[in-house]
Amino acid sequence: MRYILRNLGFYLLAFWASITLNFMLPRFMPGDPVSRMFARSQSQMQPEQIDQLRRLFGLDHRPMWQQYLDYVKDVCTGHMGISISRFPTPVSEVIASQIGWTLLLGGTALVIAVVIGNLLGILAAWRRGGVLDSVFPPLLVFAGSFPYFWLAMGALYLFGMTLGWFPMRHAFDVGFSPDLSWAFLSNAASHLVLPALTIVLVSIGGWMLGMRNTMIATVAEDYITMAEAKGLSPSRIMFRYAARNAMLPSVTNFGMALGFVVGGALLTEVVFAYPGVGFQLLAAVQGLDYPLMQGIFLTITAAVLVANFLVDLVHVRLDPRVRVR
Amino acid sequence: MMAPAAATRAPLLSVRGLTKDFRMGGLFSRDRHRALNAVDVDIPHGRIVALVGESGSGKSTLARCLARLEQPSSGQVLLDGEDVLRTQKRGASRAYRSTVQMVFQDPFGSLNPVHRVEHFLRRALLVHGRPAGEDELRELITTVGLTEDMLESYPHELSGGQRQRVAIARALAVDPRLVLADEPTSMLDVSVRIGILNLMRRLRDEHGISLLYITHDLASARYVADTTQVLFAGELVEGGDSLALMDRPAHPYTQLLLSAVPDPERTEGYDPVLRAGLRAAVLTPESCPYEDEGTCSRTEPVRHTVGEDDGQPHWVRCHLYAPATPTARRVLTAATPEVENV
Amino acid sequence: SGTGTNAAGDTSGDQLLTIPREDFATFTRNFNPFAPSQVVAPLTTQAIYEAMLVYNPANGKATPWLATSWETSADGRTVTFTLRDGVKWSDGKPLTAEDVAYTFALQKKLLGGYEYLKSAKAEGADKVVFSLTKPYSPGLFELGKQVIVPRHVWEKVKDPAKDTNPNPVGTGPYTKVANFQSQSYELRRNPEYWQPKKQQIAGIRVLGFSGNDSANLAFVNGEADWTQSFIPDVQKSFVDKDPKHNAYWYPRTGSMVEWTMNTTKAPFDDPKVRKALSQAVDRDSVTEVGMNGYTEPADCTGLSGGYDAWRDAALAASCTWTKHDAVAAGKALDEAGYPKGSDGRRKLKSGKPFTFDISVGSASSDWLSVANIIKQNLAEVGVTAHVKSPDWAAVVSGYETGDYDTGIVWSDNGATPFQFYRTTMGTESVKPVGTKTVSNYHRFGDKKADRLLNEFAAAPDEAGQKAKVDALQKLFAEDAPVVPLFPGPEWGAYTDIRFTGWPTADNPYATLTNRGDTTVLVLTSLKPVKNRQH
Amino acid sequence: MTVPSHRTASPHRPVPSREPVLDVRNLRVEYGGDGRSVVGADNVSFTIGAGEIFGLAGESGCGKSTVANAVMRLLKPPAQITAGSILFDGRDVLAMDPRELRAFRWREIAMVFQSAMNSLNPVLTIGEQIGDIFTTHERMRKRRARARSGELLELVGIDPARLKAYPHQLSGGMRQRVVIAMAVALKPTLLIMDEPTTALDVVVQQEIMAQIGDLQRELGFSVLFITHDISLMVELSHRMGVMYGGRLVELAAAKELFAQPLHPYTQALMNAFPPLTGPRVELTGLADTPRTEHGCGFHAHCPDDRSDCSTNIPDLREVAAGRFVARTGGGAR
Amino acid sequence: MSVLDSRTEPAAPRTAPPDADAPKAPRARAGLLRSLLANRKALFGAVVLVLFVLLALLAPLIAPGDPSKINSLGAGAPSASHPLGTTAKGQDVLALTLWGARSSLLVGFSVGIAATALAVLVGMASAYFGRLVDDVLSLVTNIFLLVPGVPLLVILAAFMPPGTTTVILVLVVTGWAGSARVLRAQAKSIRGKDFVAASVVTGERAVRIMFREILPNMASVVMTTLLGCVIFGIGAQAGLEFLGLGDASVVSWGTNLYWAGNDGALMTGAWWVFVPSGLCIALVAFALAMVNYAVDEITNPRLRARRPRTATKKG
């Protein structure tokens, strides 16, 4: 319990840090975002809107600490301002409409990559020198060396355009509206295939190698020898004894990887015009929608932090040793 | 064969009321763990003082405090009468370092694997502004019983015993008056341990160096040390001339330690029942024997002198100890009549 | 509806006209015509709301739309529009002159503009009288193209500037919003449309994309009918895929693209230098390579293709400073006092090397190529240029405050050359360095031009205007306030597999823009292809 | 050099039968690394009788664990048994297939590993780990297995409530006792104990050894006891072997060996433990010369010039009944 | 009176030096390099890397002139005069790729070195000074580690004026934390070793202990993090530039891909414009990963893939 509370404290601190970072970015970066935004919209903004933006970016003349307090209060109550590029929708609404797709894409890709990667890693370590162990690692490392977006584009043109096997963009075909019908779900699934596949392809090698290496270290532990000496069956030793322990670092990495997956999903979403927050973030960047950018960044950070906290909880369940710490 | 008692002089190093608390937990934690509690030790000139105790009793902590690797929480360390903790607040001075040196437990860990043997000795000499020519190095390395060609070796090319000798040579390079040796033999093969012990004796006898020999092996303490101190859960519980102390241990903990040493020559092996009794007397209360309500009060025990006071008094701190019943067995039977079936 | 299948090949007759928008990653259900243009859902001012007239730059004609006729008073201070009879809002209420008057009042209140407009008053049910503060002939088309909103709806809206108007009421052909998703939505027929015969298509579907690349991909793949995004090598990547059905038409009616120089800085304050640098530019290569051959070189009148009727062809043919001639350019620079140094590089009068930046927004890849070609051309005459490509916002903010050397910029475009010349040479548009401006980034003004412009505005007829424009062209050729490069092509490409009746070079009843004033003309001309085996 | 006189064995020890339970003959184990190979054990032969405690002593790295692991067939690549035979109750251990092997392990030979800290799985409870043995070997139900596990814990003096504990929640001594409880769970014929107490305190160590003694008397299994602490070994075992550099250099009844070590290495070992009683006597110990291809490491200390053993440790010779020593020269020196 | 033990005189002068490569692998840096060259993976990686560095350095010789010079219209398939074809603007793809290597490698290695240096400093200070310094630094590190990198990258890049310096700066800011954590853990474990305490007792100064005693022992970890950071740098730069957040007028692999996308290279079937830069990124990253992999194997021999041997008897 103490452990969990301490971690919670840490995550709150981390969140506070990212809020602060967000607060400081427009204030300490060179250039004046409002005038850039203003330039962009070519005087289509109301003076009061401009004033509001200036306040939003700290160009008003209230003392810094007061701006800061207001900012923190706003963020904590979910007020992240009004999106410029999707005026007058509040930033929170824009994000709410899209975070689901990112979670779907990132989550699916992550789970697939983790499960398959770890399984491969376990098997490779278990059968050292086998086909799995000698062929897969370099292959997957090579696949992982490609930039996300490059593989995504390659897949898009190969499987989407040339072969026409999968849809090339969006989360579902035009004409559908999201519901729980089989037609919609299967359509959404087919749209998920290519983006998820490219993320999996890039990230799976890391999981496999990581698992393989910890597994090899684990297999050398005395308790594995002991389990063997006890006459347990190989599968029992492999999963209940070795993999169970080797998984622990993977679990922590899982949390850390969430951030990377969001990053990978971002580039992939852009290529596939997948309507997630990553895609929206780029749109916000292109539209110089600073409030939306910041909102998305904060949301992603918060999501990653929450996910990490959950991972910690799982870790506590899986590893009895951290419970008392 | 013992060195003549030089006990009339003031001790080289005196420790008074040394206490060390470790902070546990993270940034904001207030938990403390007391590793040493009000320890008093004197290390006379040219003597070997053994510090024995079980694992976790605080032996290394004491050594590290004296080597100024840890900052004690309170207490005094008097070197030639000067309280170095007060005068050198921000870490030890060069002078202190050139007086007090340390040899570590693990010779595999105490030599940086990326450097040659020569480097360790040369650095020690240079840091303390001493000439570091070939001759000096050669002299050092031969003092500890190694050959000159080993100067060119990397640590991994040496055996454990040889490494420990290099570590000792490094300590000697600064011409110290006190060497703290923290279990210098426990990581070595049994067959070479005795060589290191003999080297320690030689340093005392030939170079007049004082040594604090930390160990959990009572037999070796008896073999090298002039006096022995017993540390238990961060407190000194018994001390005195090594031979006298081991012949007539007064504290139940010392007795327990002694009884546990395997010795094929022992005429009558310790009776298991007796051993259980000792254990119960010493170890059952969670961390400190004072808290055993029936026999020990919650106050600190007083220091009793065992036997005659001859300049190196054999003393004990224990509620169970009654001056009239100096032998081990009497202490126990008196104290623990009901624990026989534990 | 909404089978969700690929639009390609649907020729049931109920197929939707599919328009990809490369500039909208996602849509907001905002059909407020007063909202900023990058926010309001596409087609709001094309399919939902209509204007009183539609001016078509491709043929220079104005088509009466919600108004049947208009009239400018003799003193040029009043304009009267007569509204069409029988036009209804999509909620069934009739369009009245009050609606028009209200619209202008609202527009002025919310967004400003129309500085020359004193008042707009309804006169009877079908007449609207606009009183101007001064004779101002360019105002006619500006007023005419304002889209009209229903008073009875907007009156009730609390904050018209921020309202999202999710269920718009308009007079346009397609006003019913359907199936709104963040990446697509549909507009269906207005049941009350005043030209029901022209509502031949079942509806319009708009798709959102994050950029040219993905939008083009969908288009080339046959998933959309009509695009206006930049397609690299359109012949090869689009037309050649299905030459029978695929076509593009890029009339040069967009605004003139210029190489703008900061005339407040030496040596750009010297017209001789501007002309010499202009002469160094190989416009053929710029248009052929940089612009994919989609346009042609500009001449020294600075007038875009939309003003061909105004152009002084003789002048255009005679002047040399827009024709590539590196030798002449070098000589001109020598004479202007910028001789080559021993290293082959020219020096400024201050003794510093003749180097400067060309700023282009990083998103405009075609213009970046243009800038790079110019850089290469300049190197040949001993002038060093650096292409700087931060994002557009940074570039524009440099232009606005006057903190830049040179850049590639669009110019203002209107129904007449008036606006163009006003913002390239009129002193009234010149702001001092440091003060923001939204036009005349080169900060050049000529009193002579002011006079001509005022006379143009007051001219009662086209003949009078033409004389002034001739004079303005001469002045432009003389001053070279900016270096015109090429008229911006109005990109447009379509496939007639599913719909026919597109405007073409042979039948320029509109341009091929799907986001401009003439779009409504196309929407009311297209016919679906029915039941064709594919 | 003084060799202290010795005392007779303590009266508790039962007299073992002479029928061998384990018969190891000419065992050779090689560790084949990258091209090079290290000999872990060479030409090791010994037997253990029923109910006998056999000690194997020697310095670190001399091959004690290698022999133990070979007996259990736990050696993993790059280790390879390249010669010799291991017979257990007349069965060839080296010829067993994986299924036979699984059934053989723990039921016939159980093992207590060098350090208890690492031989328990940190993420499973003690109960689960003990229970595993019963569910695997006896096909017991979980509930039954738990009950049996509780009994086992009581046997080694741990509260059965601790079945729910994780290894890190127990002290080192308790963990070691858990491992011992696991080792005797199936009442094996032979128990291998590979330095079972090196990581423990002297006090705890003593207790554990006493406990093992009790169990051995109660259950009557044979023990292969491995340590480098020769005093401990002499105190505990009936017969013992001393290993050096992968070879057995001396093999004899424990008391005899203690009383009169014949091999110089054994002598050095005996000399390495200062006594707890009597006057302080100067001891010597052994030169720490590493063993290389050019010297066995202590050849310099051999009293006679033995050129043949400077590179090679000679084979064991029986110098008296039941007394073997790896020396080329005559009897005691 | 003292009794010298028998080892005062060396028993047997060692005639032969001990095995240079004794089982306990020499940790010295020279040893690491030598082992690296003996490892096939590392050799492959090193050869590829050296090749790319050479090509980048020789770009002005192999493909003289401005690589982004616009020559003609329309992409051309690979041919004798343009071995990798030309882009839609007639630029030689080979020249673009070669010149692109310069910027990409420069940014990659700058980011790698800067981020690793930062990480070394943080990790070392954290480990050496411990306590409050450690608590604070590792808190900061963990926060940076948790804050999702790519979005932060995008945001920073959006706020800052574009250019290579910005890209490097932004990548260092977002890339150092992971390495710092690894290095801190490693430095901490080495800090806990007795030889560090021994140096303190000898009287060495903090800076010397950090850089002469601790750092050399981390050579392999520093190397792996360095290589990891370089991979990150190259990949992230390409990503940023692909999104249009870099400096589009610089020739690098990322901008090449950006232009390829912009010019619709794949749509027009000009795969040769799209493939080389992506493949180069992958190859360099792969080569670096292989070297890394090899370093791992050398420092941890257990990880080495084993060739199955025909074992006569298995234990």
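First chain written, first letter: the chains are A, B, C, D and E, and each begins at residue 1.
To be clear about the criterion, contacts are C-beta pairs under 8 Å (C-beta built on N, C-alpha and C of every residue); 3 or more make two chains touch, one makes a residue touch a chain.
Worth saying up front: this structure is predicted, and the values here are computed from it rather than measured.
Trainee: Could you tell me which chains make contact with chain D and chain E both?
Mentor: Looking at chain E and chain D together, the chains touching each of them are A, B.
Trainee: In terms of C-beta pairs in contact, which of A-C and C-E ranks higher?
Mentor: Answer by contact count: A-C.
Trainee: So what's the Cα centroid distance for chain A and chain E, whole Å?
Mentor: Centre-to-centre distance between chain A and chain E: 24 Å.
Trainee: So what's the Cα centroid distance for chain A and chain D, whole Å?
Mentor: Inter-chain centre distance comes to 53 Å.
Trainee: Please work out the Cα centroid separation of chain B and chain E, and write it as a whole number of Å.
Mentor: 47
Trainee: Could you grab the centroid distance between chain B and chain D? Build each centroid from C-alpha atoms only and quote it in angstrom.
Mentor: 31
Trainee: Indicate the residues of chain B shared as contacts by at least two other chains.
Mentor: 1, 26, 194-195, 198
Trainee: Give the residues of chain D touching no fewer than two other chains, as numbers and ranges.
Mentor: Chain D, residues with two or more chain partners: 69, 74, 77, 282, 284-285, 287-290.
Trainee: For chain C, which residues are shared contacts with two or more other chains?
Mentor: Residues 217, 363, 391, 394 of chain C touch two or more partner chains.
Trainee: In their complex, what parts of chain C are in touch with chain E?
Mentor: Result: residues 212-213, 216-217, 220, 231-233, 236-237, 285, 288-290, 292-293, 362-363, 365, 368-369, 372-373, 376, 387-391, 394 of chain C touch chain E.
Trainee: Flag every residue of chain C that touches chain A in the complex, lowest number first.
Mentor: Touch residues, chain C against chain A: 1-7, 25-26, 28, 30, 35-39, 110-111, 161-162, 164, 179, 181-184, 205, 207-210, 214, 217-218, 221, 363, 391-394, 396-397, 400, 436, 438.
Trainee: Given the complex with chain B, which residues does chain E contribute to the contact?
Mentor: For this pair, the touching residues of chain E are 1-8, 10, 13-14, 17-18, 22, 24, 26-29, 132, 135-136, 139, 193-195, 197-204, 213, 216-217.
Trainee: Within their complex, state which residues of chain D touch chain B.
Mentor: Listed in rising order, the residues of chain D that touch chain B are 4, 6-7, 10, 59-60, 201-203, 205-207, 209-210, 228-232, 234-235, 258, 265, 268-269, 271-277, 280, 282-290.
Trainee: Within their complex, state which residues of chain E touch chain C.
Mentor: By the definition above, chain E touches chain C via 66, 68-75, 88-90, 158, 161-163, 244, 247-249, 259, 261-264, 267-268.
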